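Mind looking over this structure? Questions follow.
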Amino acid sequence: MIKDISNLQAKLEELLITQQNLKTQGHVADYIPALAEVSPTLMGISVATVDGKVFGAGDDKIPFSIQSISKIFGLVMAMNRIGDDLWQRVNMEPSGQPFNSIIQLEWEKGIPRNPVINAGALLIADVLASHFSASKLAFLSFMRSLSGDNNIYIDNHVYQSELSHGSRNAALAYLMKSFGNIEAEIPDVLSHYFTQCSISMNCQQLATSLLFLANKGIDPRTKNSICTPRDTHRVNAILSTSGMYDQSGEFAFSVGLPAKSGVGGGVVAVVPNYGVICAWSPPLNKYGNSIIGTNLVLGIAEELGLSIYH
Amino acid sequence: MIKDISNLQAKLEELLITQQNLKTQGHVADYIPALAEVSPTLMGISVATVDGKVFGAGDDKIPFSIQSISKIFGLVMAMNRIGDDLWQRVNMEPSGQPFNSIIQLEWEKGIPRNPVINAGALLIADVLASHFSASKLAFLSFMRSLSGDNNIYIDNHVYQSELSHGSRNAALAYLMKSFGNIEAEIPDVLSHYFTQCSISMNCQQLATSLLFLANKGIDPRTKNSICTPRDTHRVNAILSTSGMYDQSGEFAFSVGLPAKSGVGGGVVAVVPNYGVICAWSPPLNKYGNSIIGTNLVLGIAEELGLSIYH
Amino acid sequence: MIKDISNLQAKLEELLITQQNLKTQGHVADYIPALAEVSPTLMGISVATVDGKVFGAGDDKIPFSIQSISKIFGLVMAMNRIGDDLWQRVNMEPSGQPFNSIIQLEWEKGIPRNPVINAGALLIADVLASHFSASKLAFLSFMRSLSGDNNIYIDNHVYQSELSHGSRNAALAYLMKSFGNIEAEIPDVLSHYFTQCSISMNCQQLATSLLFLANKGIDPRTKNSICTPRDTHRVNAILSTSGMYDQSGEFAFSVGLPAKSGVGGGVVAVVPNYGVICAWSPPLNKYGNSIIGTNLVLGIAEELGLSIYH
Amino acid sequence: MIKDISNLQAKLEELLITQQNLKTQGHVADYIPALAEVSPTLMGISVATVDGKVFGAGDDKIPFSIQSISKIFGLVMAMNRIGDDLWQRVNMEPSGQPFNSIIQLEWEKGIPRNPVINAGALLIADVLASHFSASKLAFLSFMRSLSGDNNIYIDNHVYQSELSHGSRNAALAYLMKSFGNIEAEIPDVLSHYFTQCSISMNCQQLATSLLFLANKGIDPRTKNSICTPRDTHRVNAILSTSGMYDQSGEFAFSVGLPAKSGVGGGVVAVVPNYGVICAWSPPLNKYGNSIIGTNLVLGIAEELGLSIYH
């Protein structure tokens, strides 16, 4: 890796201008009305490094709905809470299916393929709802603590919108329950899940919050251990094989970093021993990944030679 | 990464003894008679490093049928021959299905999910059979050149056995042809494919042959460029997300290296900028991966801290 | 057809004795506790004819949970209520899948394959719950009217058991809702569905209730038109291709009558222009059909030459 | 049933004129060039009755490629030859899948769902190729004998076209072979199958040839027993649940007769104890069934009240 950070700020701005000049493709997520309202032309990028620097360009301080990026944090909380018992209830294989597919869940008898597709994240939500007396609050506190910002909030407008368009996730949860793989009441599981998806954060906060994954589990700001080195390795492995839905293979092929996207348009990528990149732009491709967000991460990864596969 | 190689030889021997003391589980591949004849108690491991050292223990000099490990070399040859046109005919996504599944191929209209499942490797075989005047000879020459050993040979007994039990691969090939994704005659495609699968090599030869993947495409012995740095990155990415069949996610989760297995019992793993591990033991688990081979690679990767996800 | 009814009573008793002497195979439905409590050795058979005769043998007057046999009556009510609009929301094809499969429902975007698999029956329950002010009461009244017995009742013990083990049906309903194919609230749909499944009736009552299907839509007892001749034809067609779950083809092949089974152990078969057979015995085969119930219907159909395919 | 045949000739002509006035929809089968050459405006209908009458209108004496209608005759030959052993190798369930789907065949481990989808017909072709010394000749003789016309021939142009576009059928055959469910050599199986598909017959010949299915197995012309009453019942049952591919349920729902279509545009329907209808018009709907052919059969069935579900 080159990982030269001189001129990083200039590079970020340059990449952003290139993307701004491209005609916006794709569509802002419209399966819930609250997300469809976001302006498609917003875009931002931030890089936080393990040695404490934060760079950013564009709309990197405008909060957006983190959506599925929340799955990383939920996974870490569940691993910390119930340890390896978790892996009796969810696998760690790529799915080879669209992100919210119910077919595979039936095929594999209620065991989700991995924790970062919807079924797996609902399973994680069940673990949290079952093992924390106030799982939503615990989740929000975790996010505030990791980002060092107590103003991080749940967007209630998004939450209500999720709740009233949540039939597919309800179907996934009930199907897992029919196989005996859900412990809590379904409404509680869904409520937790939609809550964590509805958190608003900006690029800078997300990049900062995930630095522990680039630092063997230690938050470099606070020196707190967020998870074990082994679990850090495992989370990065899961993000590498499955974090970008059914485009994960292509992302590995072209970018080569552990990453996770959300339908709010955010993309985060972990660079072990270096830092975290977070890019944001609402329009999505057919896989549910931010088009420009992916381009921005690709640009910075190529520029700095960040791929883990070299 | 620690990558300390002092005592590596002793470590390999120690790991081997531990595995020898375990009761052999799994079954030697029996879908073709020639493979079923191999002794289940043989096992070996070799590590070749980019700076020219080769370590080994156990039966690391006994040749075995490389089988699907040949898919790596075929992929490199095809990439070099037709460039990015290749990616119009095969994807680079994990499959989420057993290695020889025909279901996905129908679903996705004859485009294989990736080049290291059977359908994808047959597609590659078609590319080679169509673009080389003597593709089998070219393949063998490539292997001899990479390993620096002109005695590497095709095991005709295995080849004949493959040929007479090749109905499933024939079905995959004809299905792709029905979607217009095969150019050569099916018997020629199958003949090339079974030939490359029937090559015999030992652990040391395989580890040495793949050093270019740990060295940005350059063979460290000869300084020849085997493939571009970009393609090296791509091959390692594909091996990371898909190389261990439907256990690829678990392998990333526990080991964390680009790898490929074959039903002959071989497992190879690439450690970028360090070297290549090759382990061998015939008994396979339900995914078609060598049980002890996987354990040996895991042991050495943990011992030396080799994971790319740290 | 022979359809000779002299000695029919004797034939029924003879068939029953033959079955009683067979060792009971199969398992009583145990997915809900209330059904698992029923004695596996009970068995009965009844034949009602369009000219007003009723024959019976064994436990033909002991009420049992009609379960999926209720789907026939729900279908007739829905056809009468919304006419051909119904066929925009549900197909009439055999499923080629286990009876409660969710895979096909996703594949076909929330349109159930036919009205007598679970997904289709939930769709029908939605139609009834949406179009009747008191759909459960209307259903019960319909059953009482058709059977001419005002004592027919809903078994509340079964109903409660269904309700607390209804996750899979909830998953099917939510999945259809996610595709926009459910109008009512899911709890209302499930409540209607479990209510109609929980009705208790005996063989004689069921055979009598379905005579209109053997009589071009006219109830021969009351001369009331229950449905049009065209819809009678359609119901019989659907029962012929799909009424016995994923054993419908085999049932047509061996018996050759429009039929429907329920996991309570009941089997009804319509003989156009002749009458209706209802057999009951709780142990089920792997398809969810009563083993002895099927045998009894087969026996009487062969004896009398009733198949519609001759 | 009404089955009044006075004016039948006039009815057939009237129905044909109605269809001729409709704008032709659908597309002539184009997966093989030889079929694509047939004029889309040809159409004919014939009705043969068990009491020896033959009616016809339009192009009912122009021969066309019988294609999958040949599956009925192959099934009868195989039933006669190996008896109930046949049902160990092929099921009798509707498929719930497109007619040449390979997915279900993999799912069900090489056992075709029924004998009238492609996989099942290839299985039948294997039975015939394995058990007759000259299966193609035997097949042709059977057709000539049933139709009473020794001029019936194999269209070699169609046969060659099938052969050179047979990859998908080859894939199905090899997949069955990989599960051990094919005995003969694949090229022989395919050659037999394409031969029987390539037979040319006209409406009148086809209707006449199938009269035994309307007459409990006895050919009413010759009084020969073509198959047992039980097997006649079974064939009609299979045609009723599966004969019209993935539109079989809808055909039962609207027409209500055992039937089989071919991609050459032919549709045959059996009316037990009455006769056989054969209609022909090349343009197909998305299921592979003749649009006008289906309309013509529907028209005559409704006119005469022929449905078996009344």
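So that you can tell them apart, the chains are marked A, B, C and D in the order they are listed, and the count of residues begins at 1 in each.
Everything that follows uses one rule, which is that a residue touches a chain if its C-beta (ideal position, glycine included) is under 8 Å from a C-beta of that chain, and two chains touch if they have at least 3 such contacts.
All figures in this text were calculated on a predicted structure; none of them were measured in a lab.
*Asks:* Which listed pair, C-D, A-B or B-D, shares over half of the residue-numbered contact pairs seen at A-C?
*Replies:* Match found for A-C within C-D, A-B or B-D: B-D.
*Asks:* Specify, for the interface formed by the sequence copies subunit A and subunit B, whether it is same or different in terms of residue numbers shared by both sides, with half as the dividing line.
*Replies:* Both copies touch with mostly the same residues.
*Asks:* With chain centres defined as C-alpha means, what is the inter-centre distance between subunit B and subunit D in Å?
*Replies:* Measuring from centre to centre gives 48 Å for this pair.
*Asks:* Take the average of all CA coordinates in subunit B, do the same for subunit C, and state the distance between these two points in whole angstrom.
*Replies:* Chain centres of subunit B and subunit C, defined by C-alpha means, are spaced 55 Å apart.
*Asks:* Can you compute the centre-to-centre distance for subunit C and subunit D, using the mean CA position of each chain? Integer Å is fine.
*Replies:* That pair's centroid distance is 32 Å.
*Asks:* Could you tell me which shape the graph of touching chains takes: line, ring, star, complete or other?
*Replies:* Its topology is that of a ring.
*Asks:* Considering the complex alone, what residue numbers of subunit D touch subunit B?
*Replies:* 101-103, 106-107, 167-168, 170-175, 177-178, 186
*Asks:* Which positions of subunit A touch subunit B when the two form their complex?
*Replies:* 91-97, 104, 113-114, 216, 229, 232-234, 236-238, 240-242, 246-250, 252-253, 256, 258, 272-273, 307-310
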